[in-house]
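Common to both upcoming complexes is subunit A, partnered first by subunit B, then by subunit C.
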Partner chain A sequence: MTERLDGPQAPGGDLPAAGAPSGRPDTPVADPAPDRGGHRLGPSPKLAILFLLPALLLLGAWVIYPIVYSIFRSLYDSTGDHFVGLDNYASIFTDSSTLTTIRNNVIWVVVAPLIVTVLGLIFAVLTERIRWATAFKLILFMPMAVSLLAAGVIFRLVYEQDPDKGVANAVITVVHDTFSSSQGYPGARPRENDQAPAAVQGGAVVTKQPAQAGQPVLIPLVGLKPDLLKDASPAKAAPGDGRGDGLSGTVWLDVVRGGGGTLNQIDPQEKGLAGITVEALSGGAVKATTETATDGTFHFSALPAGSYVVRLPQSNFTAPFNGVTWLGPALITPAIIGAYIWVWAGFAMVLIAAGLSAIPRDALEAARIDGATEWQVFRRITVPLLAPVLLVVFVTMVINVLKVFDLVFIIAPGSVQPQANVIALEMWRVSFGGGGNQGMGSALAIFLLLLVLPFMIFNIRRFRRDER
Partner chain B sequence: MTTLAEPRHAEAIKRGVFGRVVDRLGGGAIQVFLVLVAVFWLVPTLGLLVVSLRGETENNSSGWWTLFTKPAQITFENYSNLLASGFSSSFWNTVLITVPATVLVIGIAAMAAYAFAWIEFPGRDAVFLVVIALLVVPIQIALIPIAKLYGFFGIFGSIPGVVLFHVAFGLPFAIFLLRNFFVGIPRELLEAARMDGAPEWRIFATVVFPLAKPAIASLGIFQFLWVWNDLLVALVFADTSNQPMTKALQSQMRQFGTNVDILAPGAFLSLIIPLVLFFAFQRYFVQGLLAGSVK
Partner chain C sequence: MRKLPIMVAFLGLAAAACGGNSTNEPAKSSSAPAAKPLDGVKIEVAAKWTGDEQANFEKVLKAFQAKTGATVTYASTGEDTGAYLGPRIQGGNPPDVAILPQPGLVQQYADQNALKPLSAEVQAQIDQNYTPYWKELGSAKGQVYGVLVKAAHKSLIWYRQGAFDDAGAQPATTWDDLVSKTAQTLSDSGTAPFALCAASGWTLTDLFENVYLSTAGPDNYDKLSKHEIPWTDPSVATALEKMAQIFGKKEFLLGGSSGALQTDFPTCVTQVYGQKKAAMVIEADFVAASVGQSGAKIGEDAKIMPFPKVGDTAPVVLGGDVGVALKDSKGAMALLEFLASKEGGEVWAKTPGYLSPNRNVSPDNYPSDLTKQLAQTIISAGESVRYDMSDLAPSAFGGTDGKGEWKDLQDFLRNPSDVKGAQQKLEADAAKAFKK
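Take a look at the complex of A and B:
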């Protein structure tokens, strides 16, 4: 059984990973490795030169000469007149802005290829179970045809801060508001003097004295613009509770427009604060929770006897949730990686699905009949057999991620570009985008080349092995 | 297999019934999950399309998804404004860059690939290994030196300069793909033609090239998409009068937010042709990815 499973090689398994410039599908290609035995009757080698000449000329002048030139150029300063040795390289590793770009590239390399490969694997395995697999694959694959610039514009729209514009925040605020009904009175607070009946404790507003039975609790707040409450109902005093087993009171804005009014007393022009969460605490524990009515009154009925303080928890005073700041300095790199995954997951899925279709069905079937669970089949048979394809996808993604440029350039707003910066972008910025330092630019380009060098060797080794 | 427990038939059968129930339920969950994923992948592009079809005031006051409840918002004004503003010239620049860059790569790479596959010459394997090595070279390495070179020859900023850059950096992949296809062509076909005394260029043109159509189609679509979608090369080597759509749109990014009525239709126009090509030729696209199957 084991032998047979290892027999047919998954397509893609013997492919070198071809990392191409950004935007390009870095397609691994299998080598057919033909039998090239004794050669007879061939054309003269001179003819080969004629066939190869245009290609070699272009490759020599546009690719190989620049590598040599860049090595020398990177040893000179920005004007190109003064030899500075390895100073440009040293400053890559000392300058704090280039260190940020290196840190970002590390994040990219660690996170993006892994997620893309794992998602590709999951989608490839799951699409085998559905009838509309072709449609699904086309949908996921489609972003690969789209320019990274267009993908960048698409995700700038997705990540718009305003939940009325950006679909990401629109979805998140809807979900958030379903689970939390905070009205939000940011800035509201009690007066900070001895007469004020309540004070701030750890973000919440708590009454200073325990409530007296039958006596309404007054919680006057300030710090809100009266304009905000133009349409709110006037505050009312809570009716005293005759039976004495309840607890009631009023939360209101103790400010009269244009001045006047009595402090800590409900004046007729003053507005009640509706929808505030109110908690009754006894011995530090919450015994009951209620909400204020439109006129600011609240009422706890049937509280067990005891001494209570009233607390308005912090949630009342936090700003209404307005979505996530995707394009701020903190989340910018994860946000761009999200867009990158959107672009590349389909590529991984298609390659892995092709590898999957080469796995002999009866091997999986036999394992299932032997009582293996789906997870065991996946873990013990599918994944090991797919390992070569997974490696090719992963390596291709690493090469691609090292050169990531367009998405960062387009998605990161100018003000956060220093925080989102990556090596390929910094290289462009330093040499063409206003930096004017081609010595440094060349050093960064060579640095980038050194980073992909291991994969160059990986490709060559793979090819030579397959050719044998 | 060896790691799994021994077969126990009674259990296997029991699991058969139970397993089928689980599969049903699991199958439903998989359907739902994949539908959600598909929606997740479609929504961003759909958003771009809808935004491009709404007026500026609508886009500033409400989300694009409100279009589905108020379809009357649809307008083509953004597109007509965009085309009137001279965006069409950058569209033609994109075409003028992409078509020659694709045709040249196919022609030049096919010749080289033919030599690598079917003409024996000393050092062939070593030279081909160099081509493979060049597959991963980042284009950043060439930006500064080629800019200098173009300045020297006076083609900096011109369309031919951009085209040649794309051709050169498209070649390693193109040669690699085509050479691997060519070596798979049956030797007898070529030898028969050589026996007949056909000159090598005619064998190339009449035997190999027609046989290689699927590989050339794969290569063509890759190269076309790569060049059409390129931003970096255009950013450095194309001046404003020769800039393709990507560069024209990039220059609008700085004011993002105030000019969605330009960016959204522009981005959509730039992606519609690649998308149509992709759907028309997706078979070759996938084949190109899996070139191993074209043995």
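Take a look at the complex of A and C:
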């Protein structure tokens, strides 16, 4: 802003001769004014009122009247026939879903303006020092050119749970998987019926009957697509009886494509599950551990005779890390605030950068010459000098955040709308979006107005003081 | 501006009608100055349909014009019919006939005295072609105002034949078979049995309505629709417990309940037919459009089974559009009479994507086998067909995102073990909405 003000001033000083003849419109006006003997410049109050009248009428029709009517309407019930006094206002503070919206608005107001202002400040200070500052600023400012609705659609996709679609989860899963990748057979589980020889216990698959040496253990699993194991070797029964010196058995996928097959028996088409960790337990303690071969068989040699419980620990079945549930009830508000920051940080940066360029350089240089570190210059000189601009940005953001609507409406899926709801959205929904209660809606609108009002007054006062 | 494309559509239709359609002959003879009952009468009809649905409806209007000589103009209200009609009613310039997407609006406009009672001729058609339930549905304050002209069939389960073949699963006729055999077999074979669009709350209310109609029967269904029995009634508990048999098993739902709650309609249809991640989706006949977009062929890969019996009643829940007269003109009544008649219904039935609630419209008229199958279930269900309960409720309870029944059923999906808590929340919200 200041840059732009500075700009025209400099050439204006250079070219007074060129500027004057091109017609200064106020010169003829300024001349007759003293003739009228007025002590005031400009038109008479009557004329001023005449010219202001259209604007006043529009203001009256579009701002004053709606506010007054909303106040009036908020005192009536949904049909508009019965006077209910302040009941609508009372129910704002008793209804639990409306209280959620107030809580969410508080979170928004506390978090979003602060982050936007701080990020804007950081970007503004840093872009001052880099070469491609304009390009950088342009890119940061670009989200402002996108409508909030479109930004909402974009972030709905960004936060998609499926890492194949959602960028946020794609990044997180890639980072996660480079450190710990999931192995084994997520989703595999024993059948849930009485005949199944194994059952789930605390995530692990455990045989129901104790196994004896020399007697092959069968652990049929289901819940995987047979197509996933197309290339695996067919399952084989463990060569049990002949050796008799250890415990052996088979872990395999007991599913035949197209159905059929004998349950809990190894059919020729069925595939073995390779690489599964198998533990033999006795008295609750792990006595031996082995892994299945490609055909799904396992063998514990040199186990003391006795009966064992065979367990496939949970590590075989851990589901792949599927990213964060951004759009779930817990994270929805922070997620939407993230989208909001993406949109507005650039705006804050541009405003603050304009303020920054107006700071007297000598103060900064003096501090640097006195041996202040860059951090000290930033903390003690830049930020205090910028404080008025920062405050304006902050307050503007607070007002903006209080009436946030579109992002919440678009990003939150229907099922978490109640958890993500904010006052402005609730107001719309109650009065038009199916609620049909315009009395309550008007009460919410007035409540929102009361919340915004102090910040508006504060901002207007500031502007006035600046003008003086 | 709005009228222009409609006129174009009209011209296109006229051209199409000359292509050997059954309306061909009367359309031609309409130009002859014959003694038709409504010559020179102008009728305006407003409905929400656009695109193909509008073109199909205009075919019916064309047949009506040919028969009576009246001139009918169609106005599209857009998605929000109330927002379009409200100002026109208040301005004293309503269309002659409006097709309302919800019976709740019949009640609302009747309260505003905006509707005209149907003439004896229209009522005679209704008595002849509809069961008394539908007559009552279009009535308010003892007067008959509306007639259901178009139905959406909401008692269906769509399945993917490929997934059923791979798993060796069979369509089920009872709920127990569906849960313990069909779904279990699919799940064992590694395919999630159900894709739910739980982020769109109305898909859950549809599911509940089917289960409830089947377990509690049509009488209780009516009582619950009017909130004459509370949602804490044991019959509701039974229905919710049945639903919990699906909701409570995370391997039955694609992505578990958390995934389902983030999926909105029609993404779940894509998950079944496009991404082939799940095997079944429980939703209405209009899923067909999304099935087509996913590239699956209806009847080959995409098949339907009627919603299985959960209790004693084979459930048939319909949604649909109700025609009402906003002006007491001869033309308006004649058009409604035509729409309620067997004749009008059969013209409409020959167009794709239409299902008639009229029991005398023979299923043979429908162009696809699928629609024939649907029409058959409506006719065979006879007296026990019911209208979508959530659309009968005040919209603060049955039709608002994140509120009322939508929210409470979503919460129930999140925590299916808490049947009692879900019932209490439903009852609290219903009491609030019905009190108004």
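Keep in mind that, in the parts below, the second predicted complex is superposed on the first by the 280 of 468 C-alpha atoms of A that agree within 3 Å, B and C clash if a C-alpha of one lies under 4 Å from a C-alpha of the other, contacts with A are read in each partner's own complex, and residues count from 1 in each chain.
Throughout what follows, a residue touches a chain if its C-beta (ideal position, glycine included) is under 8 Å from a C-beta of that chain, and two chains touch if they have at least 3 such contacts.
Only a predicted model underlies this, so the values are computations on that prediction, with no experimental measurement involved.
Applying the stated contact rule after C-alpha superposition, one finds that A:155 touches subunit B and leaves subunit C untouched. Looking at the shared chain after the overlay, A:93 reaches neither subunit B nor subunit C. Looking at the shared chain after the overlay, A:410 reaches subunit B, while subunit C stays out of its contact range.
By the document's definition of touching, of the two partners only subunit C reaches A:222; subunit B does not. Judged by the touch definition given at the top, the superposed model places A:59 against subunit B, while subunit C stays out of reach.
Of the two partner chains placed by superposition, only subunit C is touched by A:429; subunit B is not. In the superposed model, more residues of subunit A are touched by B than by the other of subunit B and subunit C.
Of the two partner chains, subunit C is the only one that A:191 touches; subunit B does not reach it. Comparing the two interfaces of subunit A, the one with subunit B and the one with subunit C have residues 413-414 in common. Those residues of subunit C that touch subunit A in the complex are listed here as 165-169, 184-185, 187-191, 198-201, 251, 255, 258-259, 261-264, 394-396, 399-403, 406-407, 410, 413-414, 436. Note for the complex: subunit A touches subunit C at residues 77-79, 97, 161, 187, 189, 191-192, 222-228, 255-260, 325, 327-329, 413-418, 421, 429, 433-437. Those residues of subunit B that touch subunit A in the complex are listed here as 1-8, 11-12, 15, 26-27, 30-31, 33-34, 37-38, 41-45, 47-48, 51, 59-65, 108-109, 111-112, 114-116, 118-122, 124, 127, 129, 131-149, 164-165, 167-169, 171-173, 175-177, 180-181, 183-184, 191, 194-195, 200, 204, 222, 225-226, 228-232, 235-236, 246, 249-250, 253-254, 256, 260, 263-264, 267-268, 270-271, 274-275, 277-279, 282, 285-286, 288-293, 295. Per the touch definition, subunit A reaches subunit B in the complex via residues 1-2, 5, 11-12, 14-16, 18-25, 27-32, 34, 36, 39-43, 45, 47-49, 51-52, 54-56, 58-59, 61-67, 69-70, 73, 123, 126-127, 129-130, 135-136, 138-150, 152-158, 163-165, 167, 170, 342, 346-347, 350-351, 354, 363, 366-367, 369-372, 374, 376, 380-381, 399, 402-403, 405-406, 409-410, 413-414, 424, 427-428, 431-432, 438, 441-442, 444-446, 448-449, 452, 455-456, 459-460, 463-464.
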